[in-house]
Amino acid sequence: MSNFDMLYNFISGPLFIVAVIVFIGGSIYKIHQLISLVNQKEKFIWRYMSWKYSIRSILHWIIPFASTNWRKRSFMTIMTFIFHMGLVCMPFFLAAHVILINEAFGVSWWTIPDGTADVITVIVIIACVFFLLRRLILRDVRFITTPSDYALLTIAAAPFITGFLADQQCCYYRFWLILHILSGEIMLMAIPFTRLTHMLYAVFTRAYLGSEFGGVRHARDW
Amino acid sequence: MAEPAKNRIIDEGLDTGKERLTQERIDKVINQVLSGETGARLKAYMDTCVHCGLCSETCPYYLSYGRDPKLSPAGKVRRTMGEILKRKGKVDPDFIRQASEVASTECNVCKRCAMYCPFGVDSAYILLVIRRICHLCGVTPLYIQDTAHSHSVTQNQMWVKEDEWIDTLQWQEEDAREELPDLRIPLDKEGADFMYSVIGPEPKFLAGLLYQAAYIFNVAGCDWTMPSMPGWDNSDMAMFTGDNEIMGRNKKFHYEAAQKLKVKRIVMGECGHAFRSVYDVGNRWLAWANPPVPMVHAIDFYHELLSTGKIKIKEKYKKSVTIHDPCNVIRGRGLHDKLRYVIHELCENVIEMHPNREHNYCCNAGGGVINCGPPFKNKRVMGNKVKAKQCADTGAEILITPCHNCHSGMEDIVLYYKLDMHVKFISDIMYEVMEKPEV
Amino acid sequence: MADSANWDWEIGDKLVSDIKEWKASYNWVEEPYVSPDGEKVAAIVNTDEAEFNVCVNGKAWEIEEPFEKAWSLKFSPDGRLTALVSADMAWTVAVDGELWEEASDYVWDKQFSEDGKTIAVAAQQEGSYLMIKDDTPWESGFSFITCMTMSPDGKNTAASAQAVAFGQAEVFKFQEGCFTAAANGNAWGRNFVNVWNMAFSPDGTKLAAEVRLNLYDYTIAVNGKPWEQIFGCVWAPIFHSDKGTVIAPVRTAGAWTMAEDGNIIWDSKFAQVWHQKISPDGKKLAAIVAKGFGSWTVAVDGKAWDITFCDMVTDLTFSPDSSRVGCVGKEGDKYAIAIDGSEWDNSFDMAWGPVFSPDSKNVAAKVEKDGKYTIAVNGKLWQRMCEQAWEPVFSPDGSKILCRTVEDGVCYRRVVSINEMI
């Protein structure tokens, strides 16, 4: 077995499992921590939580252009939705990934056509560049940007950039492939422990604000 | 961060408070607030904010000060709570002074930014936590601190003594009898339908509003009362200084006055922040999930009087009017449609300003900012160029706003930006155009 | 409470006065008040422009000059009719038509001793604030008083008083402590940032009050000496009727509980604790509590009832034999009476505090339903729905109830057998 194969086997095998465990375990821990905090110190929150207003609020913000702020920032909205869709869909529906899953577990499902996947990847990378430029150019965004924001953007962009380069198979295929898997795993593990945690918390913060606005304030929050 | 502004504003409350503040006290307070008093909300908001800047343009300060990044909601959070967390609570008195100025005079806690944040991060809440820290450190702008002291002693905002309060009601009652001979302001009438509560400035400077309210209620045949005891004032600057204990104490007085009088509801005058305190914030500190006695804002009550025909309009108001939506009863209680019903019933020519309803810009006086007094007046007024433009664009002659702080704040804006308009309460217009009984 | 033994307890109805008829004699008749024994009904009446008098059973007080203003009409527990009146541009107290000699620039907050024999008011005289008890003012006044109180036996009066002058926005001077308590006009020797709601010891030698020591430390002070323990917040203290200790709700680490002389005495913690009461036999301590956010009930000796109300609980009352506790609870727009943890079947648009019979067996309360007032006994409504009703009074033997009502503009005094009502 070559060094590459050993490395490949390691990062796509044990390390991948570790990453998944860290991601799932970390996510459960973070959500549990949040709910415990509510129970310990802000129990009153339960009194105001409402399924109806939570869902109403989440829907208005999860659908592109359904909230005023999405409509006001149309380019940002398009970019952010494509970016997030790409981020969530590509790991699950990219043909190359599904093939690997099929090989490992014998299951498979619908996949994104390769051409489309390429386009999505490029757009996600463009979105990352767009986010980077926002952080560098827009004064208000630059002011609130911390070094960790660049790190997180790098973590989010890396799987796409490396994946794209690996996919082109032009040069250093193995190198990019290893980096691709590694960066994907880093991202998975980073989600519960960095500000990528918004993936977990957003639904709660949105639902809480939606409940307060709907049930108490009788006002729209979108 | 929390760097000093170019023209440093001198404020005795902040400056002397800072001089007296010890490092030991700061450490104790920050630990108490971060470990003891705050929980999931602060953690979730601070962990969830991705620093995207989508909140910037929601803030009138940011827009009015040439899109100064320091003044965006997330910018203000970064300069205050962001720094405290980054430095693990190790901040000095200078920092506390600056944080207090940011939280108390550069943010109206109007929650417009929360409404525009994709995640619903409530920056206003975070800045209120900062105010709480500063209160416990004894570093709060002078004038609003004095107001909180007034609340603590008198349970009203303006150091109005108990006899002055009752005497003022009786004086207004007497005056109004010139116009309506059997008019009454019934004091302590047990079992009345509603208790009418107002804010301290009404007996202090704006007694005419008590007259108008009494006149309207008498003509409408209301079964009402006003308390002679403390609790008549629903306002609450303690809520905005972070003095939660005094906030709770005042709300206890307010609701217990209503409980003693066995009224079914409390109708309150045209005030926004007071509504927030009695309806949403102060009651919660006391473990009342809902207002224990239903709270009805003046807008809601005028809507009831007009829609049931208890008050009829003789001739609609002719001058062109526009509406400023007060954050605390619109974004805070969704009364925008009722407000429009009332204004359209009273006025012939209504011109909307934009954005409006829940999307309105704050008057910049709210959240206790105007109560920080003269040292911060210029900063406040200059911080609302965007509102001035909104108003000017309507071309209306009259600006109606059913909120005391909005009223005072908008008067300052009208004056500073030389807008050709006058600011009025709904009751000013209702009193003018209603059908009055022949005497 | 007044001695009701001498009242007319014969079962039957009396027409006290036809209030409708009064209206012909006056420009207007204000809301009526009825005497504890139900024999008299009175109202402030307007006789002419800016001229007022008090009408009792259809007959106005015989006064030399009409009052310029009159308010706060109340019967004392011993049946005297009192009002705060302005005559000759000065304010004073009128008792059964007789004016106190002590004239003030303003008087308010009239209080009665438990037996009704003593009357006290707050007064302002040329900018000086003080209390006047039975026409005798404190020897000296203050620039500001609040939280006026009189001991139940009427022997002592007290208020929170400003002891040090401070100018507008002198916040740091204020924070050094400018307020004190004044018992019978004599200030404690120590000042606090704030002094609120106070209570006298049964023997009248001690005065306890809520105090704030700085912007954030709260405790109870007795005769000016604060408890050693500091709390996040406190509510009004009471004295234990037998032991003479001071008992107050206190907030510690964000939760409320009960303290006695500074020491926590309840194991349980609540989201709120207030309006504590000692049972007549001195053995139990009850309070209105919130078990959780928006979950209100009553706790006796720290043990909360199972039943809760989401909006509020008020009017906590012990039965005379100390065995029972009652209160008013509110849920949505409905008011209920709860006794010993069980709610009456009926709910009301408004309910007044429960009144126990002298033998503690029965409970009555004034209630409002569909815009009419009536009396409910043990949860059952009296069949008469009235335009107005006052709180029920049990006969000394507990077999009858005095119902004081206004029906179609006529004031009635009805003594009803308890058997007829339950």
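Labels A, B and C are assigned to the chains in the order they are written; within every chain, residues are numbered from 1.
Everything that follows uses one rule, which is that a contact is a pair of C-beta atoms (placed from the backbone, for glycine too) under 8 Å apart; a residue touches a chain by one contact, two chains touch by 3 or more.
Remember, it's a predicted structure, so these values are computed and weren't measured experimentally.
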Sort the other chains by how far their Cα centres are from that of chain A and give me the top one. C
Just by CA atoms, which chain is the most central one? B
How many angstrom between the C-alpha centroids of chain B and chain A? 40
Taking the mean of the C-alpha atoms as each chain's centre, how many Å separate chain A from chain C? 62
Taking each chain's centre as the mean of its CA atoms, how far is chain B from chain C in angstrom? 32
Residues of chain B touching at least two other chains: 37, 284, 289
When you check chain A against every other chain, which residues touch at least two of them? 41, 44, 47
Using the touch definition from the top, which residues of chain C touch two or more other chains? 254, 292-294
Residue positions on chain C within touch of chain A in the complex are 254, 292-294
Show me the residue ranges of chain A that touch chain B in the complex, using the header's touch definition. 34-35, 37-38, 40-42, 44-45, 47-48, 57, 61, 67-70, 72-73, 76, 134, 138-146, 149, 152, 195, 197-198, 201-202, 204-206, 208-210, 213, 216-222
Give the list of chain B residues in touch with chain A in this complex. 37-41, 43-45, 47-54, 56-58, 62, 67, 69-70, 72, 74-75, 78, 114-122, 280, 284, 289, 330-334, 336, 358-359
Which residues of chain C touch chain B once you look at their complex with the stated criterion? 27-28, 30-31, 46, 49-50, 69, 71-72, 105-106, 108-109, 122, 124, 129, 144, 146, 162, 168-172, 174-175, 179, 193-194, 196, 212, 214-216, 218, 232-233, 253-254, 271-272, 274, 290, 292-296, 310-312, 314, 330, 333, 349-350, 352, 368, 373, 388
Under the definition above, what is the set of chain A residues touching chain C in their complex? 41, 43-44, 47
